[in-house]
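Take a look at the structures below.
Look for subunit A in each of the two complexes below; its partner is subunit B in the first and subunit C in the second.
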Partner chain A sequence: MTTLAELRILPPFAIARLGSSAEPMDNYEMNLTTPIGWRQLADATTFVVDPQSCEIHAKKRPFVVKFRDENGKIRPVAPFLEVWARLDRSDELVPLDLNLLLKLGKEPRALKWSVVTGNIKAFRRTGDPADKVIASTGIFSDHQVKPLLGQCKNFFEQKSIPLGSVQYIKPNEEFPEVRLRFTPAAGRVYGPPLESGKPDGNLAGEVYDPTKGHWKGYKDAADPKTDDLLKMRRATNPGNVYAGDDYDDSHRQSWGYLDDECDGIVEVELEVGGSRLSAFARIAAGPPTFAPDSMPMRTVHDEIEQAMLGPNFDSDVTEKEMDEVREIVRRALETVRLMNTGQMNKPSKQRGVGMARMDFLDVNRALEPIVDPAVADSLAIRSRHERLLIALDSGSLAWFARVLREHDQVGDLSTDGRRRMPALMRGADARYLALTRRQVSKIKAAAEFILRTPAGENEK
Partner chain B sequence: MNESIKAKNLTAQLQYRAAGNPPSTHPNSAISNAFPGLEMDFRNVWRRILEGIQLHEATNFVMTVDDAADPELRILETGWRLISVVDSEVMGDVTGPLIAGGPSVILPDTTFGDTKMPLEWSNALAEVLHNHAGQKVRCKFQSVTDASKVLEFDLRIRHFFEHVVSRGENVKQAVISKELAPPGELTQSLCSPWQSDYRECACFYWAATRPDYVNVEPGPNGTSIGQNWMQKDRNPNGPKVYLPDDWMDPGLVDYRDLYRDWEKSLRFVVEGVDEKPPEK
Partner chain C sequence: MPSRLTRHLVWTSPQLATTYSEAAHLELLAVAPAVEALHLDLALPPREKAIYLLHIGAQVEHALMAQYFYAASSLGGPHLKDPNQQRNAKQWRDVIVKIAREEMGHLATVENLLTLVGGPLMFEREDYPIPKDLYPFDFELEPLTKKSLGKYVLAEMPAESVVASLGLTSEIDAIRSYVGGDAQKESLSVHRVGLIYEAIQSLFQGATITQEPPEKPHVFVESQDISSDSKRFQARPEQWGLGYSEMLIETAVDRASAKSAIQAIATQGEGSTIADLPSSHFGRFLEIYRRFPDEGDWRPARQVARNPTTNREAPEDRRITNSESLLWAKLFNIRYRMLLMFLKHSFCIEAPNGTSETTPRGLLISWSFGEMYNLRSISDILMSLPMRDSEKEPLAGPPFEMPYTLSLSTREPGRWRQHRDLISASQHYVNQLRKRKSGRESYLLGMEQANGEALTQISALLGGIPS
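Coming up: the complex of A and B.
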């Protein structure tokens, strides 16, 4: 008799992307065809869910990758989450599918799913638990679409915000695996009614009752001269990042707007052999990638990898690490070629420039350009990154490794400090961006490996 | 779908892209230099890393003490900040010139006058997490109103990843632990609504997700000319004049445009060039 030791949901963390089209985004690949060119988008195996049968079929290929539907609406990115199982006395995970369920003596309906997502942006500011917007499906085993209706105690009766939906896909002979799909919301804005009684044209729904909660009218504590300093320290950083009116020079008064972004937890349970096994994964919904052939240079995956493996890369460098380092440099190139670096380099107290302004406003650093304006133009910076990427295997990585910013140098606003790499960008602590310590360690290890290896032996 | 994955190969599970999922579903497509972020504000994942207290997502300020925590910790919610864990400092200096060409000096922040800045959690705690996850560690706190007052407590550093007991064995999984962030917490400090971020923040450095400089080509003097991604009425063949970010400039997409019809206002950019504007 087959028995299971463990369930897992893969991927462990899936990102969905907002869009109002009824037609989810197709799958695609980002292919590298030239050393420094753009990634080429190409169609890939795409699953289409039949609304009647709740089963999937593969979309016919080839097709053109399109991010909008015929009506110009953006197609939401709606990830699938798969259930994997580890059999007793096995060290391998295998897909949980109809065949394995049969061996376990189970039907697909034996799987019990539950999903909880939340949007607690208003709560983060007001501190009122009644401002939390939470959607919960309860337990389900059928294959119908389950809306994620965001409920909130401070909403009007019968009002909710749609935070997307989930669906347990019905396994079939062609696609027998157990999977769930998360479809995000449309990306709309919600809030309270206007006092005038006229409709607020910004809103997709008037849901928030300002007689119950205080999100409308809320102001971040933001002025050290008049506000409680501890309240100021509790405010988000950056602060005042909500829709509202500028109440005075420091404060913004909230209009009480909410949105349909969310993050949450997908959970699955299966009772087998007298044991109740369960697994969960995380989901989040954010805006689309508007430059879909480019990738950011420091990502959530880099953070998770560092948490998994530690800050130091202390193994032998292999072709895998060399590829990973090439990928970091490529992502830097992909970032700078979509940035107006000449503009970002300018010193000004006005908006529309970059970190030099923040250095002045935040800590009174002398207002100066970050690099010599003569070399800051976007084409010059792009060209420098392209040369670095092309010559990576022949020693230029050593230069790059030397000029990288360490995590504890982010506050070095000297001329040399501000010119460390990555330049002109902000990190999560508001000062200059440093890569993860593991990324830096990996780049340094790869640079040393190249210098130690005779010319020609490490060329790909 | 893959045939099998070693259960202990957690990096393979982190890298796994499920069948049918576009690349933008993977965490490697989501920015993490969050200030406050786009897909999520990943700084929130560190708020509950020390058992018993909740930290500010962006600073080292103690926001609250959990109800079930040792009552002795309660003092920490009255204006204290974490300054070190084991031997790892979580604050750093901010230095630079006050006048152009001048010497580098300590630069206190202009809001609180703090002479040190909190370092972002992911890098600041990387070593501690790697060496001490699951263990009690010595944590040093400082009063924000009187820097001479310091308190020390031993707090357990939580596991970042979920651990389950399977057949009597403690098994580490690749999913971020449930106790680190309940639903909604990873996105809680983002702009509300999210569209504000595209108008509010000078986040041009998230260019791969939120492009800044598009339709770029060499100008007559060899330097670049192009357009701001937030410029209205632009097209790749139109005049290449970059309008600097300014929420008062009617030539740029504004809050109202974004709240009412962001899908029309924001355009996809492939190979650095705008898609055609949506007609409907």
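Coming up: the complex of A and C.
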């Protein structure tokens, strides 16, 4: 008799990307074909869900990777979540499919799903629980699309923000696995009506009732002399990063806008053999990628790897790590290719992009370019990164490892500190971006490894 | 036989300095008490004299840089199995690479001083081995041995009086004996390059005018010949320093900064006090020498060639004849020339005025760094390939051969066309090597792509420059 020990949803964390097209994005792969060229996007097998039958009816391989549909609308990235199972006396995970369900004496409808997502960005600032936008599907076992309607106590009656939808895909003979698909929202903006009574052209819907909540008109606490200290603690760093009017030098007054991004939990439950097994996964929806053939230097993957394996890389360096380090340096090249480095290096008292001005605006540092303007030109910086990447195996990595910014140097505004790598970029805490401690540790270990390896033998 | 460049220098004992100078119609430039005196056998006004001496300084720094880089690259290798030996070889390699890098900073500083007085730049030097008219031994490209290390210690050594005050006289004597053998001890009297720098420094002294008109005009470089706004053309640490604080690139705008730049080079080379010793080149080489294994003990360096060359007329033991090694060596020489041309050209383009302007200077600087990486990559490859078909060893090495010219075209479009043509020339060797399919494919492909991009950039630049 087959018995289950555990259920899992894989991947445990899926990131969707907003898009207003009805046609979800196809799968694609990013391939490296040349030493310093762009990544090539290649089509990959994609599941297509039939809206009538709620089943996957075909795999297809598109010939061209397209990010917009025929009407120019962005195609959303809508990930699938799969249920896997671990059988008794086994360490191996196997897909939960029709065959396994049959052995367990269960139908697909025996699985009970529930999804809760939310957008609590306004609550994050106002502290008012009535500003939380939450969508919940309740428990379901059928295969119809379940809209995620974001409800909020401070909304007008009957108003909600669509945060996307989920669908329990009906398993069939050809695609017997148990899957749920999360389709994110369109990427629209919602908010309160204008006081003038005229329609606000930015908004897809007037949902927020400013007589109930205070998100409209809200100001981040930013001045320790006049603002409430508890509110100061709640403010983000950088502050004032919401749509609004600049109230004075340090405050911005919110227009009360809300977007349709969200994150949440998917849960699945199966009662089998008298016990109730459950699993959960996290989902999130973020903006579309506008540089799909490039990767950022520091990714969610890097964060998770550090969380799982710790900040120090203290194993032996193998070809796998060397490949990972080459990948990081390539991502540095891809990143600078998208930056107007000359502009970002310019000091100015005006608001705008670039740490050279933010150092002044945030902490009143003397106005100075970060690197010598003679070498800040985009073309020059790109050339330098390309050559760094080519010569990685024979010493340039040692230099790169040496000039990396450590995690505790993000606030070092000395001349040398500002020039560390990654240069000119801002991290999530408003100060200079640093790689994860594990990335830095791995790069340093690889640089050491190269110096130990006999000359000319590093060629892959 | 002194070289074309150094034949006007005359070295005498300090006791004879004045009398000899007068009798032979020489000009006394500098005296190292109790050691030697430096004279010039050519009448030159101060500015030209400074340029002449700076040219010698530039050649010496350039030669030292290449020689140290070669020695450092030879360290390590698959024959080292013991982790302690590997660690030592790596540590010494790091130290000597740093010293080579610092010599590059010295060279940049000398070029800055030439720029300050409006003199022609000097990126030339003689080919290896360089005859010993300035040093007690030939400059050579050779693997690091206890003997070659001893030569570097002597080359960077401060004045005898300083050596004595540091209590190092007997140790230095022992190194002299080891390097030259007892029979040659006499011929190993070191001409200190420091004396040349002292002479340059004195040319930048400010004169106290005690009478009008001055009795001997032009004893010092005249104020009108010192151009403070030349700084915009000079190499700056913030552009070239790569974040290495010890890499000394001094700019100069007046007499005081010129003098302190020269002093800084001299101190980093020789060190002159106990406090400077550990950070000076002399001190660092001495420290390695003390720990370096004796002959017959373990060998920290690979069996690489001495003074390898692509020259078909050279003695057989110096010629690279293995066909693959020869292609890499020729590629190395072209990229070396490219580096020197980029460096030279970068001094012709002023740094942007303010933050809004952009100039191709940054591109030349980036390309220069790229060529430094390339030279290192190709050196490593050469030091893994044989010199000749018949034997696995010696291994080849980077030949550092000087090209037939480093002259830049007189006008800007011509200079960019020179770069274009050199890139195309290097692509010829890249193609040849790729055809052989002998590995290093991704490196060669990367170089090919970078060549292609550089050619596109040059083409765009040529479109924007009036011809």
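The rule is simple: the second predicted complex is superposed on the first by the 445 of 460 C-alpha atoms of A that agree within 3 Å, B and C clash if a C-alpha of one lies under 4 Å from a C-alpha of the other, contacts with A are read in each partner's own complex, and residues count from 1 in each chain.
One rule holds in what follows: a contact is a pair of C-beta atoms (placed from the backbone, for glycine too) under 8 Å apart; a residue touches a chain by one contact, two chains touch by 3 or more.
The structure displayed is predicted, hence computed values, not measured ones.
J.: With the two complexes superposed on chain A, say which partner A:316 touches: subunit B (first), subunit C (second), both, or neither.
T.: neither
J.: Check the residue A:342 against both partner chains and state whether it touches subunit B (first), subunit C (second), both, or neither.
T.: A:342 sits against subunit B and subunit C alike.
J.: Quick check on the superposed pair: does A:402 touch subunit B, subunit C, both, or neither? Answer first, second, both or neither.
T.: Second partner only, subunit C.
J.: Can A:386 be said to touch subunit B (first), subunit C (second), both, or neither?
T.: Second partner only.
J.: In the superposed arrangement, which partner chain does A:36 touch: subunit B (first), subunit C (second), both, or neither?
T.: second
J.: Have a look at where A:258 lands relative to subunit B and subunit C in the superposition and call it first, second, both or neither.
T.: first
J.: Applying the touch criterion given at the start, work out whether A:377 contacts subunit B, subunit C, both or neither, answering first, second, both or neither.
T.: both
J.: For the overlaid complexes, name the partner, subunit B or subunit C, with more touching residues on subunit A.
T.: B
J.: Once the two structures are superposed, pull the subunit A residues common to the subunit B and subunit C interfaces.
T.: Correct list for subunit A: 342, 377, 379-380, 415.
J.: Sort out for me which residues of subunit A touch subunit C in the complex.
T.: Residues 34-37, 342, 345-347, 369, 371-377, 379-381, 383-384, 386-391, 393-396, 399, 402-403, 415-416, 419-420, 451-452, 454-460.
J.: In the complex formed with subunit A, which residues of subunit C make contact?
T.: 73, 76-78, 86, 90, 93-94, 236, 238-239, 242-245, 302, 351-352, 354-359, 361-363, 365-367, 369-370, 373-374, 376-377, 379-385, 439-443, 445-447, 449-450, 453-454, 457
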